[in-house]
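What follows is a group of structures, each given as structure tokens.
After this come two complexes, each holding chain A, first together with chain B and then together with chain C.
Moving on, here comes the complex of A and B:
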């Protein structure tokens, strides 16, 4: 896509040389929310990168900090949450959250889709208006060009009769079509990164598959990187190149998708996988993970998963760092033992 | 906007109108004899009886009622008991002056109320929010007559900047408009603020922010059209309060409009005039509500097009 290509060329040559293909680099990110009881840190020391054209699956339970991680990448934390420390480097240049130029750079270079398309689309504006606006803001094109482009985009995301649908309001089309329109808005103007925050959770299973196919096709055609956030491991298995598993605000395992599914190394990831129903599995019962996620204001000082972990030992009271293990990284003191147990 | 929707609204409007007119008609007939008010105390009973027959007050109330409606449908709202001129003409002469005052008030209130409410919502809990909300509370807790008198004291008596009463130049309008618009603008600002606060927290505003829409774009193109429905509602409702306020304000500032005619006619028991004005006010209110209903459909495609599935 032309706009994406234009983006690359705008960077200085030094950046291009040093970070040729890294699209987004989240470095040691900590997010703070001030509650009446005191500050909590729902995202802690998260480091995660995404190459151009790559799909990274970010998985974890509700409340593990995956959505806040996305929102801090695109700069939508709002007024209650803030970045406590760490940084986000986009296309080789660190983002300053307060710099209006960086704000523009971010909104041009990134698109985001959310869980519930019905509430994310403006009810009093037509689909065409909303897609055209996104295109117009990102590219600075005229309204007329944007309107024509909006119809093409609606067509691109697989909305039938795009010309007529462009005049429809969100409430007139189905949830699946709404999500397609959201995707059209997010990719209007050709951003280099698409953040998909639980994009299929609110949709029927058949529609889920269609949306996944659409995202995969768009990625092939446009070549954007996708940060795919979900709590559904089975879903992300189909699309992700690499996987990051988050637990209680930290990344606990980072590995190529194949490796992670073949041989999960972190006890939490293993717990997640055994709690999943796979059709080809020969088991009668799913094994839930015992216990619950510790509350934000009472995080244990060491490994947050230790209270629920069958392998926990005294060493788990010190926080584990992300270390290399097999093809990936895990944050667990018992990483090496994992190999023998899993094998 | 389908025909059924419009006709239901229309029928309801007519019913409301009938209810109001009937109520006022009956209340006016059972609360006293106009000849007591209008004729000198020393006139004889034959003369009173003569006027009762002239004005039709000798007939039973239900008969007067039917006759009134019959005439009203032919555009005849009776004659003034005071000078025998047709009531409709007398009222109609006053209407432009009240409309002038009302329009100026309406525009002033919108021009101040909406931006203030929007700003208060954007910068919630800031000084501008607190100032706007203090102004709003002041505005609609201050009785019109009191605010009017305070203004006269300050600007007419002490500063001698503005005429204290009367009609003619723009200077005559300043104080009456300010008096009336304060309460109206306060109510609009409050409702605009709460509607905007609600809308600004919606997911689609976050979507707009993600795509890089500027603050003014998000506020005026994304949020405000959604907040407009509750704002229009309160504007419609406030119209009733404004008409009431206009009666008081016209009297305070000796503004020669319908409001003053109403108070003097009530005092004199000039039934035809009072009834005519009540019908006029009721028609205004009913029309305003009808327009508000139409505006909903215009503002919100979910109302206009109905909900549910692919409609085409």
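Moving on, here comes the complex of A and C:
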């Protein structure tokens, strides 16, 4: 499992990176939620790292644990969920969810944007006030400086007439503008890491393209790493350097984005890709993954994908570890059987 | 868009359809502002075909579906189903016709009755329309559930005991047990995960072949539309801006908005990379309460001229087939 922690991205393969350039290092993370029926583990043994300035895409279907992984990183798991085992190291120091000093460190170093800006913004405060507050908390600057900076931030995220919009309340602007304001709050104070949890899912496609361009520009200007969480495989290919595919709480494949699309190696990743229709491909039928994701309280003991997998065999009743395959890592006993993959 | 004489008679003909919603007054005794959700929409549907209506949220695509089914009363326009004018039909006439026109919703959980087992819900439609002997109805419902892949023990379950994909199958079974001719599919797979989405898309296609169904397929997902549709209508701010065969639209979209939509699909969703040069639109869609003068796209369109700011372009035929509402389409192609 620790192989994943040491997995380095393409850009660093030439020279071995020092510890310093690893921005975030998730080591064997397991998250526990206590339900009336007993504890469940929606994130299990996840290891993932992110270099400075890198974009890692975290992909998976609803309930696969991708959001809980993010919330563990930023320390927002809440009361019902807790880290059962494993750790998250941010800029070389392990995070401690209960330590107020560490909370301040995370709040300065990380920003997060969520899927639905309307429910995340405070409806009774102006956009300018909220961005200024985020800046003030992170930098300790005076209210006056923060207010001036808020207008600059709204300008930076492409909100037209930022001075006037700063006085608007969230309901007075469109969903795309709300998401831009959320991004302005998240990057106030220049975080080293931006967690983007389905940032464009609630937006229309033409607006989605604008937001992706914005994130790419901000990354160039600020140099932050981005953990980009999405269910949309096509989208993540546009933005990510590396991709991690999650299924039922585990990372099942981790690979450079282009390699993963050119040659998906885990049966689940392959199934996801054949489930998607292409814009320029005349196929008569899609090839779905049969069955459904097992519920959290009834996870199979071994590989969670085995009940839906055409390659499943008796060995799949033991959990597979992540191991090297091609340019990446997969968690599968069978690996890529080249003869079973259609060209 | 009106069928020419050599084509078979359309199963559904929609002409000049419009829907305006009155909005709250801004001042007491002030005028009531009107929101035009759908304006001047005309199309024919041939039996057995799939017409997709695509567009972004708020463009009026779901309203078109609801108008076709008379779930909303049109403000103007005519709807003829199998030659029968339904725009002036009374409630009794609609009730008799409704079994031919069915709807599949996006939110399957909300569409199902939480207190009825799914086989009872599917049989309910048969009860309402008095189809078959009462004693046979549950059996017929179960056959339908079996053919959508909800066989065996799943039939007697309540909606909350089913997964999202299974709930959507139940909704499909409930619509199809009445043997409809036209089914309005309003974002039928948008709420589903991709692996399950593919199962439901395949099911809808199989059922179309088996029962000869005609689909009005409302969706914002262009790659799914590319996979299922025969023809596609692109909607912007309540109007059709382009109607074309699937292949023509996806290989050579004519309207700047169609090009923006198709160009915005991530390149990874195409096997050979992006072929349509994307058009970058400025800003965001305007409020339908205050539509711009002239072409609705003009404030966002990089090709807009003075003509676009003054005159609204009509939907007109293109030499290569298809219809487009753009003043400058000849120069853009």
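In the analysis below, the second predicted complex is superposed on the first by the 315 of 343 C-alpha atoms of A that agree within 3 Å, B and C clash if a C-alpha of one lies under 4 Å from a C-alpha of the other, contacts with A are read in each partner's own complex, and residues count from 1 in each chain.
Criterion: a contact is a pair of C-beta atoms (placed from the backbone, for glycine too) under 8 Å apart; a residue touches a chain by one contact, two chains touch by 3 or more.
Worth saying up front: this structure is predicted, and the values here are computed from it rather than measured.
In the superposed model, A:208 lies in contact with chain C only, and not with chain B.
By the touch criterion stated above, A:328 is placed in contact with neither chain B nor chain C. Once the two complexes are overlaid on the shared chain, A:292 sits against chain C while remaining clear of chain B.
Of the two partner chains, chain C is the only one that A:271 touches; chain B does not reach it.
Look at A:174: by the touch rule set out above, it reaches both chain B and chain C. In the superposition on chain A, no contact is made by A:128 with either chain B or chain C. In the superposed model, A:164 lies in contact with chain B only, and not with chain C.
In the superposition on chain A, A:111 makes contact with chain B only, not with chain C. Looking at the shared chain after the overlay, A:65 reaches neither chain B nor chain C. Residues 174 of chain A lie in contact with chain B in one complex and with chain C in the other.
Of all the residues in chain B, the ones that touch chain A in their complex are 202-204, 206-213, 217, 221-222, 225-226, 299-302, 305, 307, 309-312.
Chain A contributes residues 61-62, 160, 174, 176-177, 204-209, 231-235, 237-238, 261, 271-272, 274-281, 283, 285-290, 292-293 to its touches with chain C in the complex. The residues of chain A lying in touch with chain B in their complex are 74, 76, 78, 103-104, 106-108, 110-112, 114, 116, 119-125, 133-134, 137-138, 164, 168-169, 171-174, 182, 185-186, 188. The touching residues of chain C, when paired with chain A in their complex, are 56-57, 163, 165-166, 193-199, 201-202, 205, 220, 222-224, 226-227, 250, 260-262, 264-272, 275, 278, 280-281, 283-285.
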